[in-house]
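What follows is a set of structures to go through.
The two complexes that follow have subunit A in common; it is paired with subunit B in the first and with subunit C in the second.
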Partner chain A sequence: MDLEKLRKTAAEIVSRDDVKYLIGWRPGSFGYRVSPCFVQDAAGAEELIFSPLCASNLATYLTLVEKLPVPRGEEPDRRKVALLVKGCDSRAVVQLLVEKGIEREQVILVGLPCRGVVDLNLLQQKYPEGLEKGELSWQEGGFQLIRNGETATIPREEILAEKCRLCRYPNPVLSDVTIGDPVEPWETEADRGVEELEQKSVEERWDYWEEQFSKCIRCYSCRNACPLCYCDDCILDRLNPIWINRAVNFSENTAFHLARAFHLGGRCAECGECERACPMNIPLGKLNRKLAKEVREKYGYEAGVDPEAKPFLASYNPNDPEEFIL
Partner chain B sequence: MSESFEPNIVAFLCNWCSYAGADLAGTSRVQYPANINVIRVMCSGRVNPLFVMNALQQGADGVLVSGCHPGDCHYMEGNFYARRRLGMLKDLMEFVGIDPRRFHMSWVSASEGHKWKEVVQKTVDDAREAGPFQGFRRRQIDW
Partner chain C sequence: MTEKPKLGVYICHCGINIASTVDVEAVTEFAKGLPNVIVARNYAYMCSDPGQLLIKNDIKEEGVNRVVVASCSPRMHEPTFRKALQEAGLNPFFLEMANIREHCSWVHGDREEATAKARRLVAAAVAKVRQLEPLEEREVDAEPAALVIGGGIAGIQAALDIADAGFKVYLVEKTPSVGGRMAQLDKTFPTLDCSACILTPKMVDTASHPNIQLMTYSEVEEVSGYIGNFDVKVRKKARYVDFDKCTGCGECAAACRMANRIPNEFDAGMGKRSAIYLPFPQAVPAKYTIDPENCLYLTRGKCGKGPKCAEVCRAGAINFEQQDEIVEFKVGAIVVATGFDVFEARKKPEYGYADYPNVITGLEMERLVSASGPTGGQIKIKVEDEEIVPKEIAFIQCVGSRDKSVGNEYCSRVCCMYTAKQAHLVKDKIPDANVRVYYMDVRAFGKGFEEFYDRVRREGIHYIRGNPSEIFKRGSKLVIKVEDTLTATPMEDEVDLVVLAVGLEPRQDVRKIIDLLRLSQSPDLFFLEAHPKLRPVDTATDGVFLAGCCQGPKDIPDTVAQAKGAASSAMIPLARGKVKIGAQVATVNENTCRGCGFCVEICPYSAIELVAVNRFGHPVQVARVNEALCKGCGSCSAGCLSDSIQPKSFRDRQILPQIAALGVMR
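Right, the complex of A and B next:
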């Protein structure tokens, strides 16, 4: 990964008058942590990094930003926001463009071909995290960990995040500048998590999800971390009508998770943020991937690939499958 | 228990076709099971998946959504949207382990009183086979 080039490009971008800030990653304060950062000037661009630890999807911040009312007589800030995007992040941005959640003129995308990020939990199991900082980088066939002056090589399969094992778009789908050479898409494994569940009986699946949903504490991290959950008027925040009660019990949890998964049907960019953000380790990705798979197989639609496409649920094909209809 | 179990079905009918079809079944004296609670909506495209979920939470054992045949929608395309949306919901419900027999969708036009009878019969039979739905029924707490 050419960090010099990344920092130089970022510095050039943030120096432009029509750019508000650039959103990227920088080293966190301890251990393997990486934190998002908002680069305002060329000096700030010096701390940007891109490593296998940069798992978070920065596209979330495009829609998460608070939109304050503009004082009378003032013009709204129309400057652009620059964003570092991996393959999956760029799909989320494309899906936002498809839904007109953001405008193309508002964003500058700095594409970073990605060879797969790590699952922090798996890395911690193998190399427990201390206060001292650790650096991770890609190398042939795996990752290289540098910590306390020691270097360790970790095979790729051991700590690769699940979403990356299934990734079909390692290169950004859409970008204005691309840094580094495109990555050869790797052979994806079968989605074992979803397939195993599909083969079970209805009752067994219910038992599985009952256990999972019962764990939920309804912190709504999954919603907040998701780049595509950005409704100003979310059904979860609404008081009239209350679709899903705030009580934390199995009934409401199930309704919440079904609604959340459904609202991402045909939209999910499979960036895995919901699952990564979940403090109770509920496999939310399975729900999303199952719906994405159904949409792909039955309707031939894939979210976040073509900026010119129409949103899946806001379009139709007269020949859509209807074998389930009586 | 299963002998005497009468399922509680919530049916969302579109105003222009299925509701008129059910009406025709009534005026033609076609006998069909009385387990159906009809909710009239202006179009099957109005049916939000949350309606289905809420019905199941609040005590329904099965849900039926019925609209005009494709191409016959009063609003030109509402039932096409409904088909995509609810087809996806059915896949999702099946995946989390809600019996697929609890949710049905059908096209019934205003002249199909007899088809309406068959659809209701099938929905009720399926829900009866699947048994009372305890799954994720909302717990009523009396404060």
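Right, the complex of A and C next:
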């Protein structure tokens, strides 16, 4: 990864008058942690990194920013926001564009071809996280870990995140500048997680999800981490009518998770942030990927690949196969 | 509205339709105990005058301010009861109907259970009516003009009627001439009057009528807006002939290098025409058109040393530089009269239409017997390069009609009679011909039809009941394999000419009109009317009406009758000058709308657009509903992820208590 070029490009971008800031990653304060950072000036760009630890999807911040009331006589800040995007992150941005969540002129996308990020839990199982910082980088066939002055090589399969195993878009689908050479997409395995579930009986599936949903503590981290859950006024927060009761039990949890998954039907960019954010390790990605699979197979539609596409649930094609309609 | 809700509940017996299955007395007693109900009554026919009077009196005397009528589907009588409320001085939208007939008494047998269900339905309506809000219906101006799409007999008649009433009419026809299918016919059943003779005067009228703007060789490109205010864009295709200069003399067609080489559509492909042509002698307007697909100059950029047509045209009307022209105008109503196509006989390969030149369709037969047809009205066919007058002639009915194997289950309604007519004409022109008709059933249901059918049989036409299974060639003859089903005799019949009575189908390009006007199709794929019995010329799109065969197969009298019906319906908004806008429309919560535009894409009526608003200094986009276009269907609401758009009278806070009262929700 050409960090120098990334930092130089970022510095150039944030120095422009029409750019508010650039959102990227920088090393966290301990262990393997990586924090998002808002680079305001050229000096700040020196902190930027891009490594297999940069799993978080920064597109979330595009819609998270609070629009404070503009004092009378003043103009709202219309400066652009620059953003570092991996393949999956760029899909989220594209989906936001499709849904008019953001305007194309508002963002500058710095594309980063990505060879796959790691699942922090898997990494920690093998190399427990300490206070001292650890650095991870890509190398042929896997990852190189530098920690306590020691270097270790970890095979790719051991710690690669699940979403990256299934990734079909390692290169950004939309970007203004790209740092580094495009990555050759790798052989993706069939989505075993979803297929295994599909083959189970209804009772077995029910039991499986009962176990999973029962774990949920309704912290809504999955919703907050999702770049595509960005309604100012989420129906989960509404008091009149109360669509989903606040009680934390299997029934209400199930209602919540199904509502969340269905609100992402035909929209999910498969960045895996919901699952990564979940403190209870609920396999939310499986739900999302199941819906994405249905949409892909039944309608030939894939979310977040074409900024000119119409939103899936708002488009109608008279030639849809509609095999499921009797 | 802050006043305390005082509910009146009115339960209808509907004669015995409801009362025989539902214990209306018990439901009435139950209703009296529901919250805020101050009066509950039942009556034999709530929709009758005395029934309505009960409601009105309670509103006036008891102070009822919300009304629940438990009777039939709101589709029929909601307007009736709304009017009753209005007449009693109450906002007509303080009404909720509980459907205890279609949803209850008609579909259940057990009196106990049906009564229990009726109670729940009433309780649900009571729960909802308390949440309803007063709504106002508004009116907007209507443009006193109409668009008629299609220049066949239906379109011509509708246009003439509307124009005669004093309104401007834009008549748009796809082909270079008006006249449509009727102009192709020779004689009309059962009276045998000449089709062209009765049609031509009307065709001429459309061109000369001061209120009609006739646009032939034109297609409607875009329709937006709503009843009373449709914005229409029409593409006038380039004729490559100066419309004003052309005198219709025809010298160009005679001189054309492609003369007699292109199948003439008007003659159903039986005759030939030039690349510059007049579809038929009586064409209106009598102006020539160059067919850009076959003109040598337009396809290859070269025509000998120079286009002959331009050379011989003394008026200098030929203009190869002509471009399509887009015409825009505004109308208040639209009549769709796009007609039909005949069934493609190739889809029945067993009849050999594609293989044998002496197997022809009914429409081709019309041209063959017509005096203006390719043979000048003589029935001659070519068999093995020899032109003969056929003596053994068979007609086969129901080709492409009443036939599930080709996907057409319906009866085309005209084939029995046009076959009888053609059989008569054949017998008239070739008196020694042997004519037989293979039929499944003969449907002679119209005025004078049975008499005509009788007459034809007396003339010596044999009617043989049987559906031929195959046609093949033996020597110079065609052999029809068939079983006479009345005598159960399998037979082979040797004939010279077979006429397939092909049925009627929707136009091939019907999709274009559907997309243009947001129309629906019935299962037979013809356009769907708003109600099969009571609104046969209306469509689901207000202000768009149907005339003629685009709605379903029909003969000329029915087509003319429907065209006149469509014309008079279309004239209602034009004559009133105003149209009512429904009050139960979608509303947007602009504070929570995030401007994603899902609803804009979803709306089947194009009633929603995104507009820029200022939200605390930030320019944001939000959805806005054009209330004149909105039908309150609720599709937008279903598609909205942030729950920011809901139809009035069907808001969450109105529906959820209703569902809760049904006992479905806690």
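As a working rule, the second predicted complex is superposed on the first by the 320 of 326 C-alpha atoms of A that agree within 3 Å, B and C clash if a C-alpha of one lies under 4 Å from a C-alpha of the other, contacts with A are read in each partner's own complex, and residues count from 1 in each chain.
Everything that follows uses one rule, which is that a contact is a pair of C-beta atoms (placed from the backbone, for glycine too) under 8 Å apart; a residue touches a chain by one contact, two chains touch by 3 or more.
In this text, all values refer to a predicted model and were calculated from it rather than measured experimentally.
J.: Tell me the contact category for A:Thr254 with respect to subunit B and subunit C: first, second, both or neither.
T.: first
J.: So, A:Pro311: does it touch subunit B (first), subunit C (second), both, or neither?
T.: After superposing on A, A:Pro311 lies in contact with subunit C but is clear of subunit B.
J.: Per the overlay, which chain contacts more subunit A residues, subunit B or subunit C?
T.: Partner with more touched residues of subunit A: B.
J.: Is A:Pro71 touching anything from subunit B or subunit C once the two structures are fitted on A? First, second, both or neither.
T.: In the superposition, A:Pro71 contacts subunit C only.
J.: Between subunit B (first) and subunit C (second), which does A:Tyr208 come into contact with in this model arrangement: first, second, both, or neither?
T.: The first partner, subunit B, only.
J.: Report for A:Ile235: first if it touches subunit B alone, second if subunit C alone, otherwise both or neither.
T.: Both partners.
J.: Check whether A:Glu99 is in contact with subunit B, with subunit C, with both or with neither, and answer first, second, both or neither.
T.: Once the two structures are laid over each other on A, A:Glu99 reaches subunit C alone.
J.: Looking at subunit A, which of its residues have contacts with both subunit B and subunit C?
T.: 235, 313-314, 318
J.: What residues on subunit A touch subunit C, complex-wise?
T.: Within the complex, subunit A contacts subunit C at residues 67-72, 74, 76, 99-101, 230-235, 238, 240-241, 263, 310-311, 313-315, 318.
J.: In their shared complex, at which residues does subunit A touch subunit B?
T.: Contact set of subunit A toward subunit B: 197-198, 202-210, 235, 243, 245, 247, 249-252, 254-255, 257-259, 261-262, 265-266, 287, 290-291, 294-295, 298-299, 312-314, 316-318, 320-322, 324-326.
J.: Going by the contact rule set out above, which residues of subunit C touch subunit A in the complex?
T.: By the definition above, subunit C touches subunit A via 511, 591-592, 594-602, 610, 615-619, 621, 639, 641-644, 652-653, 656.
J.: Okay, in this complex, where on subunit B does subunit A touch?
T.: Listed in rising order, the residues of subunit B that touch subunit A are 49-50, 53-54, 57, 70-71, 77, 80-81, 83-85, 87-100, 104-107, 119, 122-123, 135-139, 141.
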